[in-house]
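A, B, C, D, E, F, G and H are the chain letters, set down in written order, and residue numbers restart from 1 in every chain.
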Amino acid sequence: MNREQLRRLLGDVRSGRTGVDRALEKLRVLPYEDLGFARIDHHRQLRKGFPEVILGEGKRPGQIAAILRRMKAASGNVLVTRVSPETAGKVRRAVRGLRHDPLSRTLVLLREKIRLQGRAPIVILAAGTSDIPVAEEAAVTATLLGNEVERVYDVGVAGIHRLFGEMDRISRAGVIIAVAGMEGALPSVVGGLVDRPVIAVPTSVGYGASFGGIAALLAMLNACASGITVVNIDNGFGAAFAAALMNRKA
Amino acid sequence: MNREQLRRLLGDVRSGRTGVDRALEKLRVLPYEDLGFARIDHHRQLRKGFPEVILGEGKRPGQIAAILRRMKAASGNVLVTRVSPETAGKVRRAVRGLRHDPLSRTLVLLREKIRLQGRAPIVILAAGTSDIPVAEEAAVTATLLGNEVERVYDVGVAGIHRLFGEMDRISRAGVIIAVAGMEGALPSVVGGLVDRPVIAVPTSVGYGASFGGIAALLAMLNACASGITVVNIDNGFGAAFAAALMNRKA
Amino acid sequence: MNREQLRRLLGDVRSGRTGVDRALEKLRVLPYEDLGFARIDHHRQLRKGFPEVILGEGKRPGQIAAILRRMKAASGNVLVTRVSPETAGKVRRAVRGLRHDPLSRTLVLLREKIRLQGRAPIVILAAGTSDIPVAEEAAVTATLLGNEVERVYDVGVAGIHRLFGEMDRISRAGVIIAVAGMEGALPSVVGGLVDRPVIAVPTSVGYGASFGGIAALLAMLNACASGITVVNIDNGFGAAFAAALMNRKA
Amino acid sequence: MNREQLRRLLGDVRSGRTGVDRALEKLRVLPYEDLGFARIDHHRQLRKGFPEVILGEGKRPGQIAAILRRMKAASGNVLVTRVSPETAGKVRRAVRGLRHDPLSRTLVLLREKIRLQGRAPIVILAAGTSDIPVAEEAAVTATLLGNEVERVYDVGVAGIHRLFGEMDRISRAGVIIAVAGMEGALPSVVGGLVDRPVIAVPTSVGYGASFGGIAALLAMLNACASGITVVNIDNGFGAAFAAALMNRKA
Amino acid sequence: MNREQLRRLLGDVRSGRTGVDRALEKLRVLPYEDLGFARIDHHRQLRKGFPEVILGEGKRPGQIAAILRRMKAASGNVLVTRVSPETAGKVRRAVRGLRHDPLSRTLVLLREKIRLQGRAPIVILAAGTSDIPVAEEAAVTATLLGNEVERVYDVGVAGIHRLFGEMDRISRAGVIIAVAGMEGALPSVVGGLVDRPVIAVPTSVGYGASFGGIAALLAMLNACASGITVVNIDNGFGAAFAAALMNRKA
Amino acid sequence: MNREQLRRLLGDVRSGRTGVDRALEKLRVLPYEDLGFARIDHHRQLRKGFPEVILGEGKRPGQIAAILRRMKAASGNVLVTRVSPETAGKVRRAVRGLRHDPLSRTLVLLREKIRLQGRAPIVILAAGTSDIPVAEEAAVTATLLGNEVERVYDVGVAGIHRLFGEMDRISRAGVIIAVAGMEGALPSVVGGLVDRPVIAVPTSVGYGASFGGIAALLAMLNACASGITVVNIDNGFGAAFAAALMNRKA
Amino acid sequence: MNREQLRRLLGDVRSGRTGVDRALEKLRVLPYEDLGFARIDHHRQLRKGFPEVILGEGKRPGQIAAILRRMKAASGNVLVTRVSPETAGKVRRAVRGLRHDPLSRTLVLLREKIRLQGRAPIVILAAGTSDIPVAEEAAVTATLLGNEVERVYDVGVAGIHRLFGEMDRISRAGVIIAVAGMEGALPSVVGGLVDRPVIAVPTSVGYGASFGGIAALLAMLNACASGITVVNIDNGFGAAFAAALMNRKA
Amino acid sequence: MNREQLRRLLGDVRSGRTGVDRALEKLRVLPYEDLGFARIDHHRQLRKGFPEVILGEGKRPGQIAAILRRMKAASGNVLVTRVSPETAGKVRRAVRGLRHDPLSRTLVLLREKIRLQGRAPIVILAAGTSDIPVAEEAAVTATLLGNEVERVYDVGVAGIHRLFGEMDRISRAGVIIAVAGMEGALPSVVGGLVDRPVIAVPTSVGYGASFGGIAALLAMLNACASGITVVNIDNGFGAAFAAALMNRKA
């Protein structure tokens, strides 16, 4: 409820078109719907301009299905992230019309045509083959949020000519998402070569002193190149959501 | 050296306008200048579109002065960050024309008028009074990079009505920088209220289990609101540089 | 054995009503019963005013059953926490009359009517759907300890209007328990809005840099709002027990 | 602004006693005052029932003095915590009427008689002599918030008879604050002996593997006794503020 | 090979009883036997006075069996620690005469009568029921090394009267082993009550911020009582071995 | 593409033997082949002088098989590391001619005779029986890279005479690889006895405060003997690769 | 107050020799004296058999002096540890008769002749020259507690022949204290060579990844040799106190 | 004492040229000299082939001077590392002939001409200007150990063309030392471009989440390029010593 709506509501109270108690009710809460275990925010699409997203991790199939069914009553697309194959199977048996992508671990409910909202492609780099699932979570998300996506995979810094061979595609990006595990050096190198925002995504790929992605996370936070920001370990969705906001046409 | 310049150079070799050895030299290195202890990258302004920045921390006053003197031969503005008052004094005695701002710990060499490059204001939020030096490092940087800056300080989540009282200014932002120490909750709340990119800057403000900013850093990486990316602890400069890239007119 | 009982015992020794050796025995130990692997403290109910609680984690079904059987000889209710469904099944086959709640992972032996001891409701907030099991452990415990419980779930700070829509219920609380994983910001916001004690419960909900709840734990310990205290990660029981002590009528 | 005030305001709009724009202004912000670097919340005393508190750490003497001067215009007592002797001296030269206690590192502006609000004494335990400054921060705070305070110092668990010799005083407490560094075992033992809430305060007292208070903090979070909640390392103020909320008469 | 044996060997070289090459061989290596993947040290029993011990963890059943078979050729008892039930079953099918104790996770090959070597009983305390497996590993080890063992279990500090009720047995100890998880406070309290060496064994019992025993380990290293030394998390064997050395008759 | 090749290419452009566009293409990328999810670098063997290596961990059997099939088209040997028995089985069913060694968890495709390239044997020490799998990964790698390998196993510092008995073999090494878990002291002792480079490999062998190899890693990084360098936890491959570079004939 | 004294006291109550109130007082507290900020335990010498020890760290000179003055009224020797030169100077000006040793950072008040209580010498090993201050804290403590002390310094494992050259002295020890920083390997090697208890003392000597002694601490906790127990980083006093208990004649 | 010397000694015993007791003495210890606080190992130069090195950190000027004076009696060069300017001044006043280099924090006693022992230059890379002191410690050490040194400074990965401009010099190296703080990505990139051993040196340069060099250390341990080994944070000396061993002519 913005300033203008508020002014109109108060005008209605003054003129008597709206009663005090009804105004009180409107003022107290922004609209949402209560499922008991989850509150669905139908205004979120207006406020953020994007579809509702459900973090699948930590939710049981029945809970995801219940949220999805309720959302089907409203309009718009829905994205469920971090869904295991078992959970995906159960949810799809309960709710129709879902597309499951096992590589990115996503479920998508696509009811509206995706409208292109991005100024330029979002380029998604993956340092190694094992980083691809996280990169794909970003790719699926960015696409659903209205962006053209370019995938440039297996371009880790240990074979840096591979990266240089793709600089033409990379430099056309509106925003770059750089996904890397192990030593996490890819964003530092890319950030020094382009003048676009780089979102660094550390992954849990590695062993021993990678500590489940901490090594890559710390490297990215300490990147000496400028223009780099960082999201949580394995958070392909978050990187793509932020990239979509950065890339959105005015 | 981009694809077009490369094509032209090869054409010049073919036509004999450029000798093989000279082309070889041009191909081998992008131009930079060697001071022995530091290489100044005069092409950086072209490649990145922004002035050179010197990280003052860990450099001695004599080194900073030498780099600055060499840069004065080229054109463009220069920013030195993380300069203690003592170092600032010594550098200013060695190099003329520097502006020192003790709050943000910056030195600025301003020789060209700053050209506005941003699509909308960059709004900088600071949770508490002690977070202001980091916020000011961001503000000075963002301004120098061609952005209008709005400061909204002391709006931490423990008094959330303070934040709400400023939502009008905040929602006009092109990019939001949210600076917070202690529990670092400010970006989570802001990220849920706006549809613009939020860059979260954890600060080392706090004591005990804040562990020099780790608590805030972890909170920001785990923010449940979407659209948030994170930079290093106390890295106001990095947040502003990334914000300027995101905010830049096409 | 308090000062008055001690004085009486000494008086009995003086008057000859109690022999020296018998007094010696009474003085040396407060009464407990030894099962070999666990000592049951029948006086605990008197000393603490609440029923005995068994931490199920790390105990085998046979051990839990043996402790429960011995307790049935005494009076009062018993709560077993952190019981997996498998363990719960085995214990219930061995001991009759137990109620099992899989969501909160509790077993309850209810033999006495619960007497209301709280001054006001204990309000339990959960930031997200995945935090509900820990919140329910708190709810079951608080109820068993004689409190009225209000559940307010899925009110995380990323959609802060959801929280505000429930402020009326929240502000009637005697004590508030705020359960949150990920960035753990809920207690900070709530603590700034109410003038009641807030017990913050970090959960292990999250991934990557949440480090099994460390991010939320640190955020809560560093909360800039006043009146907040913290318990161990996922410790819904501990939060409710402390809340019951705070809320107890004189 | 609570529900009743809101209803009254809307009634005034309806009746014409208040204009739409004026109501708009009132609705948009709860009252606070902006100093540029700090927002003073004059309503906080009403909302929380306690005086304003300034965290001195990280603020410069001039900032503290400016906040204090502005607060003097309003009524009520003020507490400044974590003030070094140097800062305290400078602030006292700038603002009259402040009491400085170097042991607890506090500055107090006492303009109203403290009204007793507690149901019973708050008992403050300190394990060792080096823990006393943190205990005193708690004692000064609790007193200022309207509580009777009992100090029981140097009762660490390595000489447990010392603690037992004070059980009479301890058991009369409304709330117990247990301050301990090193292994932080005091709250565990006390929590097993009393049926009152125990707030555990880890201190940074210790060396080597105490890691600046982490050892004590972890011990307290893992205390096997029930009824214990924990605050940040060295946070005597936070413990006392929470204790005052728990101890407050209805 | 001690000084005396060395002197004798050199005398034999001088007198010609031993050739130079043979002496060379004797001097170069102390006797051991090479199995390829493990070297069995038959002299260990002489050097240390105790039987050989095999750490079962990380070894495959076939490797354990091969080492045991070779040891059977020599004399003396053998202890295998950290053996899962599956591994124990396989090893016992391959090597005869082994006793398996699932609670302590040990395999014992007992061929010689255990000779009592301790000056006084070794008393083993366990804070909670879940700590008993580690305590039993210590008990089995200490017994095999020739000590009388007293078990005092479920005497954690949250019910400190339980501990006090056993002080008579505890104070007769030659050495005390105190096993505790969670906050690990038991050794601090015991160390303040007795004048015997206390070996503290942290266990991985706990959850959340116990971090697999780190909380207990740190607490024990920071114990403010004197006379306490610490071993690795869950290392019941190591505690008992050290205790046996301390307790051994001259 | 080295300086000489570049000079030749430019000469060809000048003389017209190579067109501008073709030169452009050659200059832009070093040759590699794109499989979509992995880029195979056929020039790597030239650049590094060793066969291609595939890190099996984190790759699915189908991906490993696809990379291997493509590599079979080129010449040279291939090593796959960190392959579980299940994955190895699936890959071997898909690609012929692979040798699987379960102890070292490697798959080898051997098509060319290994040419001895080392100046002296690489000696591989393992402190305990449980460290052997990592030592064997190093041994298989070093052999494939053209080195004679000496295995000296079960020579941990707790029985230091075992190590001394092997000093003759050890001192003939060109490079020494010392593999150890738990306290990781082996490299310190060896490094003080020899004048050859020692590569220390910490392993995740241990429990409790070994923290999955962190204890050994830290010990090795802090080794007071000179000439020691360290690789990642359990990284037998990396140690052997570096050793092969150090040991290679000019 | 032991069982016998208790029986006697109860007998006195029965016979009327002691009144109920007086017995009550005696029973309630073991004797100590209250200084306000520190409780002096005059019975400690009886209970533990050793003099009182004051941890100087974290106490102000005035506090140490006040405790010492009060102790002078009782008999026995006193040890103050971790005293900086400045503090030592101030305390010695306030209390006469103190001996200050700057290397071990101790103050000693020696009023009674030290009576030899140890069965054999306590041998103190220091790995490097920088570890000597901690070793000397142990040496001063062990001497004061009635032990013969042998110092064997600069015998780190990087030059292991130095250690072997001292094995005769080392093997005569009743207890061995092994002090080492950096990689902390000394106790592992020594523990494999002797059959006496080894107390390992990690020191904060080192830099970088020694993390103030964590590397050495972890190495010692994971020592693969048996018979090793560990104390806190830099805790020479604690090692010596425990060693004295182990070494004490029956 | 090697096998040959041992055989000769035993021959001398047999022939009577050497008495048993004298042989015993020779066998027991390798020669070193005892200064009380430090043992000087005159045989080290023979065993390792390099001069003695003194770690200056943690030693007092008087101790360093005493060790140096004793070493002057023997022959050979001496290197003292990690010497502050103050310590260097004091030591130079006590011992003549020392050269002090404040940038590398070294003291050198040069009495013998340095004999070139390296097969090829050791190339030392520094990522940034602030990393130069550590790089210079490596350079001074490598030179003293008989190597030609090439310095290539300020070639961090954020401006990767700077590195590429120096590939000719870098590829002539026998061994490469790559010094970098912050994200520590330099060794990964270099390791992918050359076929020589790369020793990675993390530095403590950075702030916030660099955690004093941990970020760089972890990145280097996880480097995806092969042929990289790592030393302790800021350990320029250790890198150069290991490099000298790798580079030494047969």
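The definition used in the following text is that a residue touches a chain if its C-beta (ideal position, glycine included) is under 8 Å from a C-beta of that chain, and two chains touch if they have at least 3 such contacts.
Small disclaimer: the values here were computed from a predicted structure and weren't measured.
On superposing C-alpha atoms, the copy chain D sits rotated by 90° relative to chain G, to the nearest 5.
The mean-CA centres of chain B and chain C are about 49 angstrom from one another, to the nearest whole unit. Our note on geometry: chain C versus chain F, Cα centroid distance of 54 Å, whole angstroms.
Work out the mean CA point of chain E and of chain H, and you get 40 Å between them.
Of all residues in chain D, those that touch two or more other chains are 3, 28, 128, 159, 193, 208-210, 214, 217, 221-222, 226, 232-233.
Remark: the chains found to touch one another pair up as A-B, A-C, A-D, A-F, A-H, B-C, B-D, B-F, B-H, C-D, C-E, C-G, D-E, D-G, E-F, E-G, E-H, F-G, F-H, G-H.
In the complex of the two chains, the chain B residues touching chain D come out as 128-130, 132, 153-155, 159, 161-162, 164-165, 205, 207-210. Only residues 3, 47-49, 53, 119, 168, 175, 193, 195-197, 199, 217, 221-222, 226-233, 237-239, 241-242, 245-246, 250 of chain G touch chain E when the two sit together in their complex. If you check the complex, the residues on chain D that touch chain E are 127-128, 156-160, 182-185, 188-189, 191-193, 206, 208-211, 214-216, 218-226.
Those residues of chain H whose C-beta lies close enough to touch chain E in the complex are 3, 6-7, 10-11, 13-14, 16, 20, 23-24, 27-28.
If you check the complex, the residues on chain D that touch chain B are 28-30, 32, 34, 36-39, 41, 44, 55, 57-59, 63, 82, 202, 204, 212-214, 217, 232-235.
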